[in-house]
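Provided herewith is a single structure, encoded as structure tokens, for subsequent inquiry.
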């Protein structure tokens, strides 16, 4: 009801605030017998963590994850996996001056009306810092899926005005630059753009694309829990996301049926306009989804707002912020897609469908 | 788990196939004491029903809804509202010739891999006919919300290449033409376009916009059940939808922070780029969402495909189809938005928060 | 939230009031390919239906069930199964005189405080008539389980003061008398007792035992969704039930560990005190549960109560009532146990784990 | 699906094994603005914790709880409350010798068949140690309820053969002895009994009674989520519980209607056979529930069993065990009852129904 849990068979429940003691999550429903250790999760967490380049927030958080349960002798047990990340760089003094002000386009005003008051330390629960736990949980899902031949990957497909096209697309480049950009020729342009943006104290939006390869047809549920509907839910739940597309997305509006429909042949589909999902169920084509992220609302350019008494004020958000939240969003989007796919995989097959037990069954009761 | 239920506090569960005996749904969690009758639902059902103009499928279905429970002496009782619509125009012979073929861009192939076989009569459960029950359930939500001062409305914002702009926008025109088009000056252009499309036996996509006015700030849940995430889920679950935007949506990608952020004043917000939702929670601005609908896959132009043995075939989909499914989608999108808003309203307030009981409480037990 | 749905993987949602137009339910999550027809359900409904002997209510209801969806060509499709039973013998005039009075030990007073008013026609939604749909849904589960070698059966183990012992126990007798009594030698005693009870216009309690044979070890979930906890939930949700025991139940209180523990041998368990569940998970022994049903509250002996203004009144409940609701409860208890077991079976294995698809997978996309 | 979460509006999700790094839980759905600190939880944890008397296990665990999120400036924020308890006394060597053996009446055998292997350290997830987190979560609920005038309390009503009667009943005595016994005159008898039991290395069952006073009528949901059904679920989910009764429970079987029905008068109910719940909904009478706990299965008297190869063996369970698990079960039963009541309270009223926001609403958008 309070919305801190995602998934039905494979569920992720998170807790924690930006400047609290720790973030944590419970990953439930993971099948037993999967090899899992903290390093598996840390890899993705390191991709998301702040302070890795000059284009992200300078807050220093190692985001060191600790597994507290659910793993025994290096393998999952089938019981819930508890994890925490301690917050180390809290500096909440940065925020005390804004306790009574509402920053434009932040959750401050809405939270205050929902809860009657708010945790003003760095946005509290509304901070994107919460997504660290999603990345840790998503890493469990990515590892599970990979063992089934399903690979989830993402990349930055547009940074402000700079679009990525197919010409120089190279998956191997995505991890080679701070932008998750698959086209190495665009990286210098992005660097220049971001430098200028920082100087004008402004922020900018971005577009991320996430994909999954290797799915069989038949994953997803018709009607309300269509695979695309759940992906839309998962991706729109990421901070700053304002739009989700599956396959051709909004380009469909002006397409004709002959143009859009993916014809089939015994050798495979002849196109992939659908983004791998038809009728809410996977077709076996690659899953393709795009998301739009709005420009960060925290910036040092003054904006008109109100305070908690309803009076007009001017707000300048100081402190350490990402000028483009989209830059660090690729691992988060991968995590959420992986969580949806693993959830649907297990909804189809059950948590324990693959369990092998060598202990014999004794036949009921001796008379 | 099987995805036929939507909502947490206010839930809608549907059943029924395109050519089965009846469609039905259970609306659960509606507060007691709301005036409700079949005519309230029929109004919206008549807007969605097929055969009302030459631009939609010619299947004749009166879509007459019957309330079976949950209403007593003209008011809801707080118990589940069961409803059915009988199917009258089934003509399933139209479909028997395609029992072993997969129509390109239909759910046929995916369903077969999920379930091992399929109900080939008009798409069975994958048919958009299922959305009739969503419209009936949504009408309950719309009535409830309206009593709280919240109005949900939608319109066609683009038909293929024809875009609606703000110049001649008039809410009163939406119900005056078969397209749900708010600009009367565009209607003749749409008619001409659709006539040509029908002659070439093709189909086309569309864009629908849905809005809600009158919400207070504070509706929605942070993290996974953000109001925008649930709206994205609800709208993407509608047949043929491939994209969802909240507020400025994909335009955010190239926006700067100063451009996107909605500044505030004591008199109100100075803009609405956010679409009325920040941090997943309503701000009190109008809720604005856009969806992209793909062109209908059923068409009389032959397409390459395979049959159930995996052999190459050519498919022509005969029968009665909507050349643009977007045309009838406006009431469905309104229904889904209303269901999400009512659900979140009750998640905040509870089903029985407004109950007034005139019977005195007797104080526990007499010793 | 409103509690009209039971189950997680295999779910049953019911609607309908005692004197409304119809009762109905949606059974969701049933795997595809299961043979199912109305006669399968009618068999169990006929066991529960009123008016079959002089020891139950004389209301005449054929309880004829109609399947509206989810079955195609004689098999389940994997999509939701909608069902209805029309109410035929409504005679709601019987009840109008009690619209403003609260019958002692009925739900009237509690419903009024929850909803602000009540449907006074025969108890409305609080009537045990609702359980007809549980029996129909349970029949689906019983059929599924039987195909897996799991048999769910129940019997009357005590009627008021008359207890069933093991001496003359015969499963074959259960369906041979109106009491579901497994000991034919006790039947005359029960008949005499019930005749006397009817003459004094009183009612009496009963105890029902339900069992399941053929389960493998490993069914159930630890912690909150233990198999025994879900069985307790399911059985306590039946009208008039005030107690649930698993295995030795309350006899455990005075037992020592050496007496209670079921020792194991390669040939099987050496006893079954646990009722087939340890740590919340099935052991492979028979599942055994007992329930206590209170005496019917409706009776023609006057009782002290209050009216809706809070004034003292005297109430006599006329009309057609079961003098022992336990008599018809055996099929309901079987249904609820079957629903729990099928739900847990599918939580382990998934809805589609057994699907066989003969259509080849075409390999993704042709470049 | 995996059953580690309880509740719908107010939810508790736990993780952790007996000999893992830590136990933890997430309490979600708690309304904002409730005063809460670790001492509030520690009080109840200290009542449950092991090693407080010679009649419980001698494992030394301080059970020190730490709140990681959801509380800001001494009050709940409405966001999830994360908590952990570190395990300090793990000594897992005690258990390594039983890695390949199944202890009679333990979850070992069932877990192995469910998951394919098991965490043999002290029962892993199946240990009653998990209930520590339930007690912490329940303390949140108890505090919330108390502020609404609802008090949840429990006591030991039977220890093996020693029954508590009403004669010397005194709530104030419950916390004055290690048994949670409300009759001080029975305590010496219990001490003697437990001493003798320990000498013979055996164990024994117990009965616990939990009550709630101060509820208004109208709490609970009809049909499947009846208040009594959810209480039965919650209480049966506690380790070792084999039976649950509401009000008169199994005594109802032999009662007549005139004897059982609780008559009403303007001054109150004239009796409380129902245990405060009719038709699944609270009546305003005291809630009364009883549970039966089986004797501990761990004991030093050899028992027949099998090993993981299915061979016959003899098992002696050494180590530190409670000879009567019922002794420490009172705070756990109180916690579970409180969680159910708070959940239903919020299902009726919503999480934020009581929020007061002093910040004015700015009216939508300035044109």
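All chains are identified by letter, namely A, B, C and D, in their written order; residue positions are counted from 1 within each chain.
The rule is simple: a residue touches a chain if its C-beta (ideal position, glycine included) is under 8 Å from a C-beta of that chain, and two chains touch if they have at least 3 such contacts.
In this text, all values refer to a predicted model and were calculated from it rather than measured experimentally.
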Have a look at B-C versus B-D and report the one with more C-beta pairs in contact. B-C
Which chain maximises the distance between its CA centroid and that of chain C? A
What whole-number Å value describes the gap between the mean CA coordinates of chain B and chain D? 44
Taking the mean of the CA coordinates per chain, how far is chain C from chain D in Å? 27
Chain-centre distance (mean CA atoms) for chain B and chain C, in whole Å, is 36
Residue ranges of chain A touching at least 2 other chains are 1-2, 4-5, 8-9, 14, 79, 109, 113-115, 125, 216-218, 222, 264-266, 270, 284, 306, 310, 346-348, 351-352, 355, 357, 361-362
Which of the residues in chain D come into contact with chain A in the complex? 1-2, 4-5, 8-9, 11, 13-17, 20-24, 26, 28-29, 32-33, 66-70, 72, 77-82, 84, 109, 112-119, 121, 124-125, 306, 308-310, 346, 351-352, 355-362
Contact footprint of chain A on chain C as seen in their complex: 1, 8-9, 79, 213, 216-218, 222, 264-272, 284-286, 346-353, 355, 357, 360-366
Of all residues in chain D, which touch chain C in the complex? 1-6, 8-9, 14, 102, 104-107, 109-111, 113-115, 125-126, 130, 158, 160-161, 197, 202-207, 216-226, 228-237, 239, 241-266, 270, 273-275, 277-284, 292-297, 299, 301, 303-306, 310-312, 347-348
